[in-house]
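Here is the structure we will look at.
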Amino acid sequence: MIRAIFHHPSGRIGGGIVLVYLVLAGLGALGLTPHDPLMQYRLDRLHPPGAAYWLGTDLFGRDIASRLMVGIGQSFFVAFLSVAAAASVGTVLGLTAAWVGRLWDGVVMRSMDVLLAFPAILLALLIVAIMGPGTWTSVLAIAFVYMPIFTRVVRGPALSLKTREFVDAARTFGSSTRYILTRHLLLNIVAPLTVQVTLALAWALLTEAGLSFLGLGTQPPAPSLGLMLSDSRNLMETAPWLMIAPGVTIMIGILGFNLLGDALRDILDPKTRGGRA
Amino acid sequence: MNLLTRRLATFPLVLIGVSSLVFFAIRLVPGDAITAMLGTEAGLLTDAQRAALQAYFGLDKPWIVQYGHWFWGLLRGDMGISVTYGKPVLTVILQRFPLTLELALLSMVIALLIGVPAGVFAATRNERAADLAVRIGAMIGQSTPSFVFGLLIIYVLSAGFGVLPVMGTFTPIWQDPLANLGQLILPAITLGAAFAASVTRIARSAMLDVLGEDYVRTARSRGAPARTVIWRHALPNALIPVVTLSGIEFGYLLGGAVIVEQIFALPGLGRMVLDAILQRDYALVQGAVLFVAFNFMIVNLLVDLAYFWLDPRIRAGGQ
Amino acid sequence: MVKQRGLNPLSGVAVAALVGCLGLAGTANAAALHMAWSQDATGLDPQKQTAFSSIRLLELIYEPLVRLDDKLAVVPAVAKSWDFAPDGLSLTFHLDPKAAFSDGTLVTSADVKASFVRLLDEKTGAAARSNYLSIASIETPDAQTVTFKLSQPDVPILAAMAGVNAAILPASAIADGSVGTKALGSGPFELKSWDPNAKEVLVANPNWAGGKVGVDEIDISVLPDETAILAALRAGQIDMALLNDPLVATLVPGVAGLKLDRTPSISYNVLQLNPSRGAMQDVKVRQAMSCAIDRKAVLDTAALGEGQVTGPITVPAYATDPSTLFCYKPDLAMAKKLMAEAGFANGFSATVIAATGEPATAAAEAQVLQSQLAQIGIKLDIKMMELNVYVDAWLKGDFDMAVALNGGRPDPYTMYNRYWTKTGNLQKVANYVDDTLDTDMNSARVETDPAKRKAIFADFEKHITEVSPWIWLFTPYTYVAERSNVAGFVPTPTGTLFGLSAVTLK
């Protein structure tokens, strides 16, 4: 599997980026950063990038490079966890809704409609009001926002696949429902699902930024990419590096996930497996 | 149309769900219209004053009574009065809705015009330089938060060229189409850029899927021209996920684009809901969420109908 | 700045087309002033609204009996002159015979009486009522004279009447209940239209007793993002704007054609401790915190140095020089010693709450304070809250510490009796009872000699910084940015926009 990824052109780049990020986040978590990410160097506030501070310092004189390393960990933790929750719950709901149909389909899809219809901000605000702001609240809020999307994305193709010949064939051959659901339906939905997951990871990172923009995300002084980005907006002219560093980090991170996702999709998808390589 | 009637029949159910959820959830958030109006000065109120204000804002009865009152009003088509606007809730919403609708349409047009051709183009050149370029472009579009993109546009235009759209107001298209476009084009580009990026990616991926399908291979092996295969045979099927995505995004946009409306100071639905939440204008929050939910369901219904139209297999299967 | 040569020819054409499209918008009327602010008014009832965002709009439309000038001195408004009786038990106002509401009807003593009766009526729900409780009765000997009979001498009541919460409303509007839905006042402007959270249009009030105002119309747009406000100023779309965030305001002077008025405000940034909780019950711990905090560093970092370190009293006429107050010079050794004496040599953990964006510097202040208090072992957990959630917790006194921006009043008694007297309405928020503070406040209320009042307030200030229930940090600036075509605006420490009545456009 890992070999397959590294044989795939975009898999190589994407995998490399993700690996580098994981290493950076790991070093950050172990405290192996150039400076203490929370240390405020009062005399070096808003210091441009240079030898002492590779990516400059922020309003408080904290080292941006160190904060980025810790922030990558924080942001990807939130993004991964929320997407994992949203995708797994959403997929189960979507698959079963398509397969069982009738009342269950109605109940699931109507509940998803209720959630989807809520403006995301309100949903987030309500969850924060109940739980108080913080990392876990962000995870829950983002998961809630994206769960209905996964449900819908899975249910659509599943409905269409349900009527296909090979599923009918499997049914006539007496395959169990669980076998059909996991082997035939899920396997065939893996491709759109993988793409959706990589898209959702990108969205989750952005949503985390949006929540931080509204003060509902990661609580200061802990860094997250979104918080760093939203904190930089009124300093855009004074200290552009404050926006560029987390902005580019988010961008490359998303690029990495997407390229990796594309590669995974090619590798996992039985239809394209032989065709390309 | 069996599906149509069945789905329409579920509308009231979902609306009741949404209305109850929003009604009680918004009241669970600490603070009320009194603290929103008075801030910390609310602490100076005597008990009698507080009671008078609670009666004024309709907060003096138990929640369940308030809910019954509100629900009874809804049945008669009355969503209540907004305390911040001093007008009926529906009037306030309908004032803000044209902007939101137009902005959503404009962004979707921009997104589809860029996204679908770009996605198809990239799929036909899978893993080659052009494909990579499109994908990287899409990812940059996708990974830039709208507040960063919007602020950069505003900054570049105002500091570099000394121009900016008139902000803070909205001229309906039927009054002055040019002024209208001037106000909406930048926010629409900001929203459309991220939207287009998603469309590109989904279109590319779906197209790759479809190009691998047997019937497309068959068509190809029969010697049909590449152009016909792509646009006639492959695209309609590849459009299904694009329609799903666009439907969901469009539905979201109809709920208002809070951050973009905030940055470009557009008086749309999204900012209205956010302000209503911040000001604890319960009637307006409830009415607006219900309105947004209704629109969302209509859009979803249209998406489902589009499945029928686009996917002959579902049609044949009679689901 | 944008590097033009960086653009390729194609995008140049695209931008030119866009510019052409946008350029059509907005041709200005010569006598219309275009303004912007980021927060809109929340309502039109001048007696009930307390948010600064509402007050600055309503002060243009309504007038109180008296107002404050840029030195915080009491000057005439609806009333031309006033005097306290020698026993301090009555206050008489003589109205300006020309004073008229914008519909042309004259302001009479009956309107004044009706306005105060409404303000004092608990059914109205006006929070400001608590400032006028010493009014026992109101007499109107003739159409131009009003006498307030007081139940006890009340010197601060005059300055308290200088706010728009004590605005004079037409008796007819009070009778028909249209106050709050229709704005009818005697101020320099009339409200022509109001689209909440979007836009308001004011036109000059031809009947204003103060004379002719400098502009015919003021259009105010609500632009929630301050970076966008700066952009609109740059593009010449607006002439004048209010700014809150020092990070944005400090950019204004660097832009050609723009100027910035910065006025020291009388509001104050403060770290409110909760002396009823945990370690903070011990006065030594509170003192240690006061000694450990470097107020100047908080100001320099969180607000780019935009403001002034302040003691509790922010009104210049009564304020003590902050450098003479307890531990205003940071003293870490002393702080550590005090912590050890209190038995907290290893510090303690606490939560500090702050409101998102209110003030703009709140999150930054919390982070600097956190790092400073870490030096004496105090571990702060920062909780940023949506404003209303914060206010709810604040009013209940449900916090260990709170970063706050509290409003100032022209008289220190009106400003602080709510917190530091035993009967204060916000005693629950302060959570601190102290005999000296109570005595000082109550004697300042009845003392008429300004020199003696100043001495009382000096004692109050010295004592409260020593017992340190709160740690006062700095007063911010209020900012008004103007294009060079705007002339004649006079800012004041209260942040009122009344000065707009004298503004002209070149």
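Think of it as A, B and C in the order they're written, each chain with its own count starting at 1.
Operating definition for what follows: a residue touches a chain if its C-beta (ideal position, glycine included) is under 8 Å from a C-beta of that chain, and two chains touch if they have at least 3 such contacts.
The model shown is predicted, which means the values in this text are computed figures rather than measured ones.
More contacting C-beta pairs link the chains of A-B than the other of the two pairs A-B and A-C. Ranking all chains by how far their C-alpha centres lie from the centre of chain B, first place goes to C. Rounded to a whole number, the gap between the C-alpha centres of chain B and chain C is 37 angstrom. Separating the centre of chain A from that of chain B, both taken as means of CA atoms, is a distance of 21 Å. Remark: chain A and chain C have CA centroids separated by 43 Å (rounded to whole angstrom).
Annotation for chain A: residues 125, 129, 233, 236-237 touch two or more other chains. Residue positions of chain C with contacts to 2 or more other chains are 227, 386, 389. The set of chain B residues that touch two or more partner chains comprises 29-30, 151, 155.
Partner chain A is touched in their complex by these residues of chain C: 226-227, 245, 247-248, 250-251, 297, 301-302, 356-357, 360, 363-364, 366-368, 370-371, 381-386, 389. Touching chain B in their complex are the following residues of chain C: 1-2, 4, 15, 18-19, 21-26, 36, 42-43, 48-51, 122-130, 180-181, 195-199, 221-225, 227-228, 230-232, 234-237, 386-389, 391-395, 404, 406, 418, 425-426, 428-429. The touching residues of chain B, when paired with chain A in their complex, are 10, 13-14, 17-18, 21-22, 25-26, 28-30, 126-127, 132, 135-136, 139-140, 142-145, 147-148, 151-152, 155, 198, 201-202, 205-206, 208-209, 212-213, 240-241, 244, 248, 251-252, 255-256, 258-259, 270, 273-274, 277, 285, 289, 292-293, 296-297, 300, 307, 311, 313-314, 316-317, 319. By the touch criterion given at the top, residues 29-32, 35-46, 48-50, 52-53, 56, 84-86, 151, 154-169, 178-179, 181-183, 185, 262-265, 267, 271-272, 275, 278-280 of chain B touch chain C in their complex.
The residues of chain A lying in touch with chain C in their complex are 38-40, 42, 45, 59-61, 125, 128-129, 132-133, 214-216, 219-221, 231, 233-238.
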